[in-house]
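Each of the next two complexes has subunit A plus one more chain, namely subunit B in the first and subunit C in the second.
Our next item is the complex of A and B:
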């Protein structure tokens, strides 16, 4: 992880660059992402190092200081950071988790984000995602790995009517085009 | 005069608007609120179809989804055409175009009706017995002729213009059917705060209440109560009402399939709007309130147009304001038919008689009929009917015997009682229990979290129906009901008719043309099980699944077999309840969205260069880059020359990549791959082979050690997901003690291969932070550095046999780095190449492709890789399988070899077999097969790889490849054709 630094600025060509459906679906381009894997014994050290509480229930988001951790499993977190945070976060974890019993994999470019919002957002999501979006079943702050039609996705509920969807870059146009078709069924 | 049978008042139609529609080219009018069936009846049209087998004229029999006769094709053109729709369910819209089916040239004059004249020659089982010989005639003559004769609607030839939607949903209570029981259930459930979905197949909720002018519920007329109930339900935000939505399938764990029609009712005018939506509803509790279906009576010639179910006739009268005829004869075993007679009588229809099978019919409805002066014939039957395209009369006979009496009529309304609609309950694997007082199968113990309410549960009074609904919805409402009739009485089987049973046809299954006699014949032929009788006669096998016929079939079987009905049992109901267009199941998955089409970060560049793409799993990969008028072979030859003599550039982004990280990363790879990993130093690469537990090669790829605890594993393009899943499986179930974690990084990196003698010259100027000279960075090493300013993992590796680099950069930079490399390579004539060139170059070197040289039965030794096995390792996946005695005993396993044809221009066909002697008698002894075969530009001749029995020992032998146009003689050679010493790799 010692070569995250760039020596000259180069623009990123995002999978959904220039895409727009309507105000209900917006690409979230850029940012840094890591997949963080830890045994239970290292959670508190890593939380302190990151400044983000990782010991939240599975399938819950935790955010502090502009850093977000989505706990996708007992030992798995998806870290969503600004690009500038990538290097310091990798460094601080390496410095603090001295036994090396963890995995930090850079997946900043593996996937891309889409924000969905509006009154029909759960209907649109249910066009391809089989989960129950009732607030009791999928409360604000919940985040989980799931599917949208034939694509794997991570879905995070940021507020009652706002979701953040993460999909792998090569699946992004497929998911995006489906969202465009499904959202046509509901008036803006 | 238009709509001569339309009453001036009554019903739920909107007489202020007139709609025009056509049926078989003739124009008619109707009103909003009509179905196609009610509008046709309003115009006096009963003849709407020809039957499946005998081509008998048939009329509208029912008023609902159970309709077996009135199957029509609807649609303004072929792209919007749907065959086999039930006219009773087709909502009328202005401009509706419909046609009848199974007739030629017209409904009135149908050539197929010749079958009806010779009906005695077409008994049940006729096809099984008659067309046995000669065998060839079956495919050439009989089958095409039968297919032409039989069948129903025509399928459209044009692609469906409609789009279809799909939706997942969850609820606490799903109520199927919005009749009185379903409404009561939904109201009760909504009051508890539950999330409710209420679906109903009709255009508006209400069920039987839509044709209920008399009953009072809680002091309100039924229609008023219905209105109030819907207002009440609409006030609950957590209640969703879905009209025009059929619950067609009950799947495990309370998953219910709903088909919601969205635009059929207004004619599908806008193709951008979905025509229908498939719902997959996961419900905590399902309430089945699907109602009951009236049974026909099975009597001779009971299928003429104008013969219909009594309750259906009443629905046409009360809901649609349509008189089904001017003079009705009623035939019943049920009180409810008296209600129909009374209502028709009041509306001005003459009642020719009420023929009741029961000797002792009584009760308020019977009394009322008598009081109204309607002629009642108790303990009587109908022995036959007449009329060709419309019933004109019938013969009434006392059951006790004696002379018959002919009465004329233009409609004959029958009621054999009601069969509870237990289809969904049965689909859910709930057991059915026979109730001998009702002559019906009722829901027994459920297998899922579901309950059945209303007449679907066999309840007969409106109060019981409402109360059972309320209870099913979790409430305790006790409804006050007045003036509601009781639907009691019924009959199953064939009615007595005092005639020669061989000379009459009493229809049982209208859609498949099965008669009572066919069932008796099946029993005489030795069929005993209801399932055998069903298949022999095809009773209940039409699209209506025997909704009208199953109980009557059992009623015919029981006395012949001398067994009670429950001892015979009933057939299983399967989804769909009524047919669902295929488009619903396809949903959004059509055209470009059929599957995700995965494209690399460099795809747009290749597309702009005119690359020809091929599908590799879900990926689009550039296959070759033709210039000018080049064909594939010319383009590939040019691309190969560029790589061998200068430099080529290749998009390898689709390669699977897995980041294996943790203190036990090397140990984990030791246990997974055949190779030894412990001693691989950081900064080095190794080619790894992965086996399945059975010892056969499943994947391969180059693995780089980034640090002591971090490996960059590559897999085949198609194997990426499979390998990660397999690794996770082993890690979680076999090696949970290892501190190692796996992350898919396939899409994190764009991978650019720069290959050829000039590769270093191209890459060097863009590298920062690393020395990539031959001394500092030999073949099979790697370094983390920056290329074109962005962080990179640079591998010195070759799948071409030339000096080469594979550059991994974060994918969003992939295209920019590619373009920088193109620029850097311009002085060296850098040439983009595709997968086809990659295949040729690697074959020239004898490098295998998993899935091409291997087929799941190939061991490492078979492809010459036994030396890679880490001998000192205690175990790895597949090790024990390779040590099996069975492998050791096999002395003639197929091994990887090269083949050279005598004719250097001859490129063998991949997959072709190899034999020693092409003159040997067939079947020949196959020695192996060709796995890869190409024109090699570097060698100026064709080359092939093959798996050959005991192949390595056959080097130099001459063998044959028998092909369509002669035998090709080949010589067995080493699988490495080009640069066998590997000098070029180390350039």
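Our next item is the complex of A and C:
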């Protein structure tokens, strides 16, 4: 986890920062991320162990007790935790899922995230992502893996004008710079 | 009457090429990877199969002009493989269903 703490938001990686009042871009620094894969039979046990309801519809976020689970598929969750919780959460899942039929991979260092806000945020995202961001198609609380230009991404809508975007660390400069290019069209 | 391909495979839609994922619903085609013809069954014991049958399994596909059952993977989405019944001429998608389910 130490590397993650030391990761500074370099200006080159976050070219959107402070560019305009209407669209804010905040890097998500620190935190632990896990990829959790579970068979259907273990969902209720894992939910109880984590204190987060995992049995939400596919492509929905679930949060409780400061922990967040994004259900990316029928058997796949992206867990977003504080760094201090990474070790205890792994331990409690190991203790409770006694049949061992699950997979928990620490991907804290694989991914990095940014929170995008503003009234033009969906237009800017549509510069690289083909999803329909109408509230009826992509409601608040929806979270899904998708594509941004050529990079795999996870998008979580936290409110109407606020998205958490996760990409693999090595794709981050590519994605942030594309976001900066697109957002020039929406400069206020 | 000559059948013209519609602009979108979703009936009634004229906007974007959308593929219905059984887990995620209608999603843009760019999120998906094509997986070839569906329901091609690999022999349980390949060593007992003769060359003709094995060649048939490995290399021969229907490639129809019309209704086709095919596999797709929601690669930039839920990651699941699933099956689609698609008309290869009109690009109209009639149904999508999960792996293990039979062609509707």
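Convention: the second predicted complex is superposed on the first by the 164 of 188 C-alpha atoms of A that agree within 3 Å, B and C clash if a C-alpha of one lies under 4 Å from a C-alpha of the other, contacts with A are read in each partner's own complex, and residues count from 1 in each chain.
Criterion: contacts are C-beta pairs under 8 Å (C-beta built on N, C-alpha and C of every residue); 3 or more make two chains touch, one makes a residue touch a chain.
These numbers come from a predicted model, not from an experiment.
Participant: Looking at A:41, would you say it contacts subunit B, subunit C, both, or neither? Reply first, second, both or neither.
Facilitator: neither
Participant: Thinking of the overlay built on chain A, is A:101 touched by subunit B (first), by subunit C (second), by both, or by neither?
Facilitator: Touch status of A:101: first partner only.
Participant: Would you sort A:58 into first (subunit B), second (subunit C), both or neither based on which partner it touches?
Facilitator: second
Participant: Which partner does A:146 contact after superposing on A: first (subunit B), second (subunit C), both, neither?
Facilitator: It touches subunit C, and subunit B stays clear.
Participant: With both complexes overlaid on chain A, does A:74 touch subunit B (first), subunit C (second), both or neither?
Facilitator: second
Participant: Per the definitions at the top, what is the overlap between the subunit A residues touching subunit B and those touching subunit C?
Facilitator: Touching subunit B and subunit C on subunit A: residues 130-131.
Participant: In the complex, go through subunit C and note every residue touching subunit A.
Facilitator: The contact residues of subunit C facing subunit A are 16, 23-24, 27-28, 30-31, 76-80.
Participant: Under the stated contact criterion, what part of subunit B meets subunit A in this complex?
Facilitator: 163, 165-170, 195, 272-274, 280, 282, 588-589, 592-593, 595-601, 618-619, 659, 661-663, 709, 739-741, 743-749, 768-769, 784-786, 788-793, 810-816
Participant: Using the touch definition from the top, list the residues of subunit A that touch subunit B in their complex.
Facilitator: Touch list, subunit A to subunit B: 2-14, 35, 37, 39, 75, 99-111, 123, 126-132, 134, 137, 149-151, 168-171, 173-175, 177-178, 181-182, 184-185.
Participant: Which residues of subunit A touch subunit C once you look at their complex with the stated criterion?
Facilitator: 58-59, 72-74, 76, 130-131, 144-147, 152
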